[in-house]
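Following are the structures in question.
Two complexes come next, and they have one chain in common, chain A, joined by chain B in the first and chain C in the second.
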Partner chain A sequence: MILEKPLLPYFEWLLQFDKTRWGALPHFLLTLLVIAIATLLLSLLVGTVLYGPLKAGDKVYRVVVNGFRELFSLSFRRVWALARLAIQESLRGRVLIAVAVFVLLLLFAGWFLKTEREPARLYFSFVLTATSFLGLFVALLLAVFSLPNDFKSKTIYTVLTKPVRAGEVVIGRILGFSLVGTVLLAIMGVCSYLFVVRALDHTHTVVGSVLAKGGDAEGNLPETTSLDKGHRHTIQQDDDGHLFAEFAHDHDHHVGESNGRLVVSSPHETIRARVPRGGTLRFKDRQGVQVARGVSVGKEWGYRSFIEGGTQAAAIWTFDGIDEKTLHDEDDGGEALRLELVVRVFRTWKADINTPVQGVIQLKRPGSDLKTAPEFFSAKDATIDQRYFPRTLTDTNNQPIDLLDDLVDEQGQIEVVVQCLDRSQYFGFAQGDCYVRMKEGSPLWNFTKAYISMWVQMVLVIAIAVTGSTVLSGPIAMMFTVSFILLGFYREFFVRVARGIQEGGGPVESLVRLVTQMNLTAGFRGESETTSLWIMRSVDSVFLGAMELLANVLPDFGEFNATKYVAYGFDIPANQIAQQLTMGAAYVIGLSIVGYFLLRTREVAK
Partner chain B sequence: MAATPEIPNSDKNGERRAREPDEAQVVVETRALSKVYRDFWGRQKVRALKSLDLEIHKGEIFGLLGPNGSGKTTTIKLLLGLLFPSEGEAIVLGQNATEVSKNERIGYLPEESYLYRFLNAEETLDFYGRLFNIPADVRRERIDRLIKLVKLDAARRRQLREYSKGMTRRIGLAQALINEPDLILLDEPTSGLDPIGTREMKDWILELRDQGKTIVMCSHLLADVQDVCDRIAILHQGELKELGRVDELLKVEDVTQVKARGLSADCQDEIRQVIERHQGELVSMENPTTTLEELFLSIVRDSEARPGRRIVKQEPTKQGKS
Partner chain C sequence: MNKRKVFQRKLAYGIAIAMLLYPLLLLSRPATVFDPKGGLLSEMRSAGGLSQADLGEIDPASATMKLATLGLRGLAVNLLWGKADEYKKKEDWSNLTSTLEQLALLQPNFITFWKYQSWNVSYNVSVQFDDYRDRYYYVRRGMEFLQEGIEKNSENRDIPQLLWDLGWFVGQKIGRADEVVQYRRLFKADDAFHGDDPPRGSEERDNWRVSKLEYENAIAAVDDRHKSLGKKSEQMFYASPSKSQMSYAEATGNEGKFELGRAAWKVAADGWKRFGDLWITHSTGRRLQLGHEQQVADQIALKEKELDSLSPGLRSKLLEERRSTLSAKQRAAIDKPDNERSRDDWNQAYEAKELLLVTDQDIVDRILEKNPQLRKQAGSLGSEIANLRVDLIYTQRYKDMANYDYWKLRAEFEQSDEAVKARQKMYLAKKESADGQSPIEARKLYEEGFALWRQVLDQFPTLRDREGTTGDDLMVFILKYRKVLDSQEEPIPDDFPLWDIIEDFDTEQEFVEEIRQRKLRVNNETSGVEPPQAKDPEAASQDDSESGSPKELTDPTGKSPLS
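Let's turn to the complex of A and B:
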C-alpha cells in the first residue's frame, strides 16, 4: 500500500521551514506561541475589567513568572508518585474487567467471524478495531473522571497542599494512565495476535495414499483437499514431484507424508508484511518530450494523469536504492526484482469492456538508452499486476544484460517505463501506482507497529482528557474529549468547512439550509446582498476563523489507524511510526503546559 | 463552662510554659485578608471573611474560634493557597500564601480527612511522603513511627474506605506530620474523635508545640481550644471579634469561685456570712461536679488498668493520673 500523499522523510517532515511548508516543529512552536499570546491578552483584558489594569498586569505577570519557575522545578519522584496513584486508582477501579471483556469477545469471535475469502483481513480488522475502541474507551473513562473525582471528594486539597507543582499533577496523571493503558494494550495485543494466528492455522485432509504421491500405477492423484474453513485447495505437483495444495483463499499448503498417509501442512504466509518501495513519477507526452504531468481526462480528481496509447507517451518511475538486498530469492533458485503495478484504464472508444488494453513495461538505466526487451501485459482496470524481473535479462537488441550491473546506475537508481499500446486508449497513473516489492517485513513487528500507532492515539486521548478535566467536571470533560476525538476523526471535513472548500457554507449558513431544506449548492434567493445574508456570512466568517484556528491544533485521529496496513498485509513504514510518536510527544508537552496553567490558576477550594 | 484550668495530666501543664512563643518570629501574617465567594457569573454569594489582620508567632498554638460558618475554614484555606484572597494578602513562612514551595514546611489536616479511600494507611503515608521528595529509608522509618504514634498499627494494611471516622482523623494527622512541618494547620482536629482520641489529639498538639512547631487550629469546641491554645481569635460572620491570650481572656476579674473539700455545714455558713459581710454576692457554693468528659475518661482508664471489672460509680475525688 502506497500512501496517496507520500510520507516525507522524517527530518524534512520535522524541520522543514520555508514558504511551501512548515515542518512539524516550527508549526508546533508557532502554535504554542500563538496560544500563549492569545491567552495572555485575553487574561489581561478580563483582569482589567475585573480588577483594573495595574492589578491585572501584576497578577498575569506573577502567573507567568511562576509558571517558568515551576516548569524547571519539576521533580520526577513526585511525578512518579502521582503516576503510581493513578495506576493504583485504575487497578482498584477494576480496569481489568476491560481485559476480561476483551478476552471473552475473542473467545466468541470465532463464531460470528466467518468469511469465504481472505480471512486474515477480516480477523485483523476485527481485532485491531476492537482493541482500538476498547482501549480508547477505557483510557477515556479512566482519565476523564480522575481529576474531577479528586475535586469532588476534595482529596486534591491534601495533594495540592504538599509541595506539588500543578504540572506534576497533570503529567503524573498522563503518565500513570498511559502506563495502565500500555499494559492493557499489550495484553490485548498478545491475545489478538494469538487469536489471529490460531484462527488462521488449519489443515485439510486428503484422501489418498503415499502410493498416489508419485502418481500411482494408474497415475491418479487426489484432486482436492477436504473442505475446511470454508475452502478447499486443488492438489498440484511441482516440477520436482512434490505435492502442494494450490494457492487459494490467500495461502497454500505443502502436502507431505506421514505413516503412509498424505498430510497437509499448516498454511504458508497467511500473515504478511509486504514492504513497497515507492519511486518518483514523471511523464513523456505523445512526442516523447518530458512533461510534468500527463493528460487530464477530466475525471478522477486530478490525482492521476494519463498517457495516450500508441504514441511516445510514457510514464516513468525512478526508484532509488536498488541493490542485492532489493532482489528476492525465487523458488527456481534465481533472484528477481518484484514490481507491482496498478493501472487505471480510460477508454475513448467502446470496445468490449472485458478485453484488456495492451501495455508494455521496460526497465531502463537512467541517463542512457539501455532498456530491457519490452514485456507486454494486458491491463485490467485497477487490479494489482505483479511483475518479476529476473537478474539476467535481455536488452532491446536481444543481448543478455544483468539487472543490477547494467541497469542500475551509480546512484543505485533504476527506471521503469510504462507505455500503452492501444491507440486512443489511455493509462492513468499516480506516483503510488508502481512500486518495488522489498523483502518482507516481520509480521509480528508489523502488528506491534500497528499497536504503537494505537498506543499513541490512546496517550493522546488521555492527555486531552486529563487536561480538559483540570477545569471541567467529569461529564463535561468527557463531552469535551469525545468531541475532540470526533473532530479529530473527521478532521479533513472539518478543515474543508473551515477553509470554505466544503459546499454549503459555514455553520449558520448550513443551519439555515438545513431548516429551509435548501440544496447545498443552490444560491440564496436573488443572491443580492441583503442585510440578513450579510449578517449570516459575517457570523459564519467568525466561526470559520475559529474553526480554522482549532483545525491547527486538532490531531488527525484517522492517521493512527493502521488497521488497513495490517489487514491487507503491508508493512507500516517505520518513518510513519516515528512521526506519530513525535506528534504524540508534542501533544503531550503542549497539553501538559496548558493543563499546568489551567490547574494553577484554578481556585481549588471553590 | 466550668473554668477549670486543671487538666488531668497536670504535669504536662508544667511543661506547657517551658517554651515561650517567639514573639519576634512571625510565621503567619495576614493583612486585610478578605474573601468573597462568587458564583460562576461573578455575582457575590457570601462575604466569608472581612479584612482579617493576624500575626501568629513561632512556637505558639493559635486557635481560631467561632460558630459554624464564621470563616474559620476559609481562613485556613486562604493560608494554604487553596483559595485566592479577594483582597489583602496572607504571608506564610515568609512567602505569599499562593506559592507552592512554602508547602515544604506545612502540614495540613483538613476539616474532614480528604484521603484516597483505595489506599491503606501505609500507602497513604508513603504517597504523601513521596510528594515531599523524602528519600525511601527516611520515609519508611517515619511512616512506621507515625502509624505507631496515631495508634493505627493494627489497621495499617487496611484500606481507608474501611476506616471509622476517628481512624480517618488519625491517619489524617499522621499524613499532616509526614514532612515534620514547622507550621501545622488543623481544621477541627478533634471532630469525630472519642474522648480518649480527643485527649490524645490535644496531647499530640501540645507535644508538637513543645518541639517548637507552630500550630494553627480552628474549632468551635471551646473546651478543646481552652485546653491547648496559647492565643485565640474569635471570628463571627467573617469578622474578628476577639484576639488575645487564653488565660487573659478567660480570667473573669469580678468573680471569685470558692471550691473546697471537707467543709462542715457550719463552716459553709460561716463562709457565707463572710461574703455577705464584704458586700459580695454568692453565686454558687455547692459540691463540685465533674465534667462528663472527666468521668468518661476515668471510667475508661480504670477499666484499662483492671480489665474485666465493671465500675459502677467512680468517686471524682479519686481521679488523677493512674
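Let's turn to the complex of A and C:
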C-alpha cells in the first residue's frame, strides 16, 4: 500500500515540542491562547468605543469570569435534555430519508462499478466514499439550520427562560446531532458491509465431470472455470491432488466435488486486514556505498527509487522488535518469519519477454557480515509477493543458523537485503514495499475502524456547523461550514498556496492569471516591479498571511479518510484511530468554547 | 395600495412572464413526433449529433450522474480529469479506470475524451507493467473503452474517427508490438473481447482481420451515413483496410500458413486496386485516383500533341532558339557524355538544361504572340495541360506517401508460386535453425529458398527498389543464414544469389567487411591475381592499413562492431 507520509508514534505526535515540529497538544494550546487573547483585545476595543474603557473592562471581565464559572457547572442532565430535543427535531426533519437514499445508491451501484481486477478495492472505495459524503451532507443539514430556526421561530426564548446555560445549548446540540449521526452511520455501515460481502461473493462452474478428481475418463482435467464477474481461473492441482482455481482477480477458490460433479467454492480471502510491521529503508549504490535514495528512472512520481541490477546496489530494510511472537506457526509444524515484498520492475531493455527479471533476497544480522544463503526470486511486478523464512536457515557458507538466535541482534533488529540480478534492469522500492507480516487482523473490525474515522469527521462537521449557526443565519452558516469542509479536504493545497509554494501566486495574482489566460508559471511581462504588480503582491501578501493563520485551525479532512487501508486490505493502525479521536475531541472542546461565547453575544442568551 | 393596483401589477407580471416564455419556447422546445425539428437548442443538438435521439438510447446511469451534479457537470468533469491524471502519476490503475468510467458517464458525447483516454490506457498505462499478460489486459481495456465510446456515439458526426482509431489500435497496437507473438495469441483467445462471435479458433479473430473490419465500418460511416472524416487525410483513411489485409497476409505467412496467406494476398491485391480506382480528395480539394497516374500522363501527352499541331515545329524551333543563347562552355558541357564530365562540366550542363527547358506555357505564349487567331484554342489547351500537370504531381505525391506502387507489386508477387515456395523454405529453415539442432538442413533450405528468391526478384525487378521493404525482409533472412554459416565456420559463398540485395540493403552495416572482401576477390579474379584469404585476420588488418579505413571498424569475424 502507498503511504506517502509515515505515521508518527502517538506520544511523539501529541507531545513533541522542538524546532522541527510542534506536537498536537502544544499546537492546540497555542492556538487556544492566541484566539483567547485576540478575542479579549477585540472585545476591549469594541467595548471602549461603545461604553468607554472602564465600563468595557468591567464587562469583559464579567463575561470571562461568568464563562469560566458556567464551564465548570455544566449539568449533564440539562445537556442530555437539550440533546434529546435535538434528536427529536432531527427525526421530525425526516433524517431517515438519508438512509433511504443510501440504500438506493447501493442498489444501483452496479451500474457505475465495473468489475475490476481488484474488485474489493473498488467496492470498498465506493462504499466508504459514498458513506463519508452522505454522512457529512446529512450532518451539515441537520446541524446548520437548527439554531437559526429556533431563533426565527422564537422557540429559543422558551428554552432560554428555563434554567439552562448557553454552553449547554451548544454542547447539547452537538451531542444530540452526533448521536443521530452515529445511528445513521451504523446503519449505513451494516448495509455497506453486507453490500461488499455480497458483491464479492461468487462462484464459477466447471464444465465436465471428474472421476475421483483424477480427471475424466481420459484423465484430462478441465482447463478453466467459466467466465463470471469478468474473469475466469485456470484450474490447477496441488501436490496432494486437490484441485483449486488459480489466483486471479485478487482471490482463488477451492474446487470440490459433489455428486460426481465439480463444484467451485466461494472465493477465499477477498476481504483482508493484513497487519504489517514496517521497517526503515536505506540503499546502497552500484559501488556498494550507502546512500539515502536509489536512482531515479525518470518517473514523475518520486515515491519509489531504484536499484540497478547486476551491481552491488541493494535496498536494505531494518525491522525492529523481531522475536518469537513475530513468527508464524506453519503447517509443517515449524515457525517462520513472513515477509511481504512489492517490487516495481523497470527495464531499460526488452530482454526476454517471457522471463521475469530475477532478484535475490537475504536476511542479515545488523552490524555483522552474517547473511542467509541467497534466495532467488522472479520479480512479480507491483504485486505483493510473500516470502517465508523458516526458523532454521543456512548462511552463505552453507552452515546452519537460527533465525532468532543468530540473525536478530541484541536490540531485536534484523535486516532484509534485496538486490536485482539482471544487468541494466532495475528494481524500485519505497519504505512501505517490504514489511514483516504479523497475524491477520479482523476485516470486520478494520471496517469498523474506518467508520470510526468517518464518525470523527462527522462530529467535527456538526461541531463546526453548530458553532457557526450560533451567530449566523441558516444559509450563511451552511456556506461557512461548507467552506470549512472544502478547505479541509484541500488543506494541503491551501497551505501550499498560503506559504507561496504553489505556482500561480495568491488570490489576486491567480485571478489576474485566470482572466488574462496566463500560464501558472509564466512570468509577468518584463518582470520589472511596476506599481500594479507591487499593489497586486502587497494585497496578496495580506491574504496569504490570513490564509496561513486560518490554516492553523483548519482540520485536515483528508486525514480522516481510512478508505485506502480498507481498500488495499491493510489493518488500520490503532495509533491512527487514537490520533484522530484525540484531534476530534480537541476540536469539539475548542469549538464548544467558541460557540458558547458567540451565543452569549446574542441578545437573548445574555 | 388598493386592490385594483395590486391586480394591475399582477397582470403586468403575468404578461411579462408570458412574453418571456415565448423566446424560451423558441430556444428549448423539445423534438416530438408532431414537431420533429424542435426548438433551436434541439436543432443544434441533433445537428451536432449530441443527443440520444431515441428515448430507448438514453443511458440511465449517465443521465442520473449528469443530473446529480446539479448543473456543475463542468466542474465535476474538471475534477475527475485532474484525479485521473493524479491516479496515473501514482500508478493507481484500478482507480484510474474507474475514474474514466465515471467521466464516460458525464461526457459521453465528447469524442476527444474517448480518443485521448483510450489511447492513454492502451498505450501509456499498458507499458507500465512488466508481465506481457498484464500489458495485454490494459491494451484491451483501451480498446473496450473505444468500443464503449462508439456505442454511445453511434449518431455522432465524428464517429468515423473513433471507428478508425479502434481499427488502428486492434491492428497496430497488437500486430506491431514487441510482444506481437504473445499479443496476437492472447487476442485470438480473448473471449472477453470477441464474445461468442466469431467463435474460438476462428480465423476471423485475427487482429488484422478485426482491424480491417473496423476500418471498413469507419468508411461506411463516412460514405453511407455521411459522417465527418474530421481532419484525417482521405488517402490514409481509405488505404487502411487494404493495408490491414496485407498485414494479415504477411502475418499468416510468417506463421507458416502459406496457402491462407496466398489467398489473403489475393484479397489484398483486389482491395488495393479498388483503392486505386477510388476518387480521393486532396487537401487542396482536387480529386485524384492513385491507380490512374498513367492515364493522366497520357492525357497530358495527348494535349501536348494537340498543342503542337496548332503550330507544327514550334517546339523544336524554340529549342533551337534557346540553344543558340547558350555560352560555348555550356554547349560543350552538355554535349559531353556523362562519364567524361568534370565537376564544372556538370554545373554548366545543369545550367544549360535549365535554359533549354521549353514548357507548354512557352509554346502557348509564342502562339499567342504570332497567331492571335488561335488564342482561344491555345489558351484553353495551355490551362488544361497546366491543370493536368498539377493533378499528376499531386497524384504522384500521394502515391509516394501511400507507397502505392510497392504495395501493388507486393500483393501481386506474393501470390506467385515461386514467392510462396521461397517463403515456405525460409520458414522451414528458420524452424530448423531455431534451436540450432540441424544447421545442415537449415542451410540447405536457406540456399534453396534464396535461389527461389532470385527467380522472384528477376521476375519482379522493381522489388529491388530501395523504397520497398522486401529487401529489408530478405536481409533478416540473410542475417539468419549467415548465423547458420557461422556455426559451420564458413563465409557466405561468392555465388550466393542475393549479393545485390546485401549491397543495397545493408543499412545496419553488418556486412561491410564481407562486401569489401568479395569485391576484392571478384576484382582479383578478373585480373588473375590470387585473392586474399577471406577469414584471415592478419590479411584483413593489412588490407585496412592499405585502404586507410580505421582499424577498429573491422573485427576478425568480419562482423561490424555495430552488430
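Just so it is clear, the second predicted complex is superposed on the first by the 491 of 606 C-alpha atoms of A that agree within 3 Å, B and C clash if a C-alpha of one lies under 4 Å from a C-alpha of the other, contacts with A are read in each partner's own complex, and residues count from 1 in each chain.
To be clear about the criterion, a contact is a pair of C-beta atoms (placed from the backbone, for glycine too) under 8 Å apart; a residue touches a chain by one contact, two chains touch by 3 or more.
All values reported here derive from a predicted model rather than from experimental measurement.
Residue contacts after overlaying the shared chain place A:S541 against neither chain B nor chain C.
By the touch criterion defined above, A:Q399 lies against neither chain B nor chain C after alignment on the C-alpha atoms of chain A.
Of the two partner chains, chain B is the only one that A:E89 touches; chain C does not reach it. Contacts of A:T530 after superposition: neither chain B nor chain C is touched.
In the superposed pair of complexes, A:S442 makes contact with neither chain B nor chain C.
Look at A:Q411: by the touch rule set out above, it reaches neither chain B nor chain C.
Contacts of A:L113 after superposition on the shared chain: chain C is touched, whereas chain B is not.
Once the two complexes are laid over each other on the shared chain, residue contacts for A:T161 go to chain B alone; chain C is not touched.
In the superposed pair of complexes, A:V357 makes contact with chain C only, with no contact to chain B. Residues 37, 42, 77, 80-84, 99-101, 103-104, 106, 108, 110, 112-119, 123, 127-128, 130-133, 175, 179 of chain B are the ones that touch chain A when the two sit in their complex. Within the complex formed with chain A, the chain C residues making contact are 60-61, 64-65, 89-92, 94-95, 97-98, 101-102, 105, 129-132, 134, 137, 178-179, 182, 191-192. Taken together, the chain A residues at the contact with chain B in this complex read 50, 66, 70, 73, 75, 77-78, 80-82, 84-85, 88-89, 92-93, 153-166, 603-606.
Contact residues of chain A toward chain C in the complex are 2, 108, 111-114, 116-118, 121-122, 125, 227, 230, 300-301, 303, 345, 347, 350, 353-354, 356-357, 379-382.
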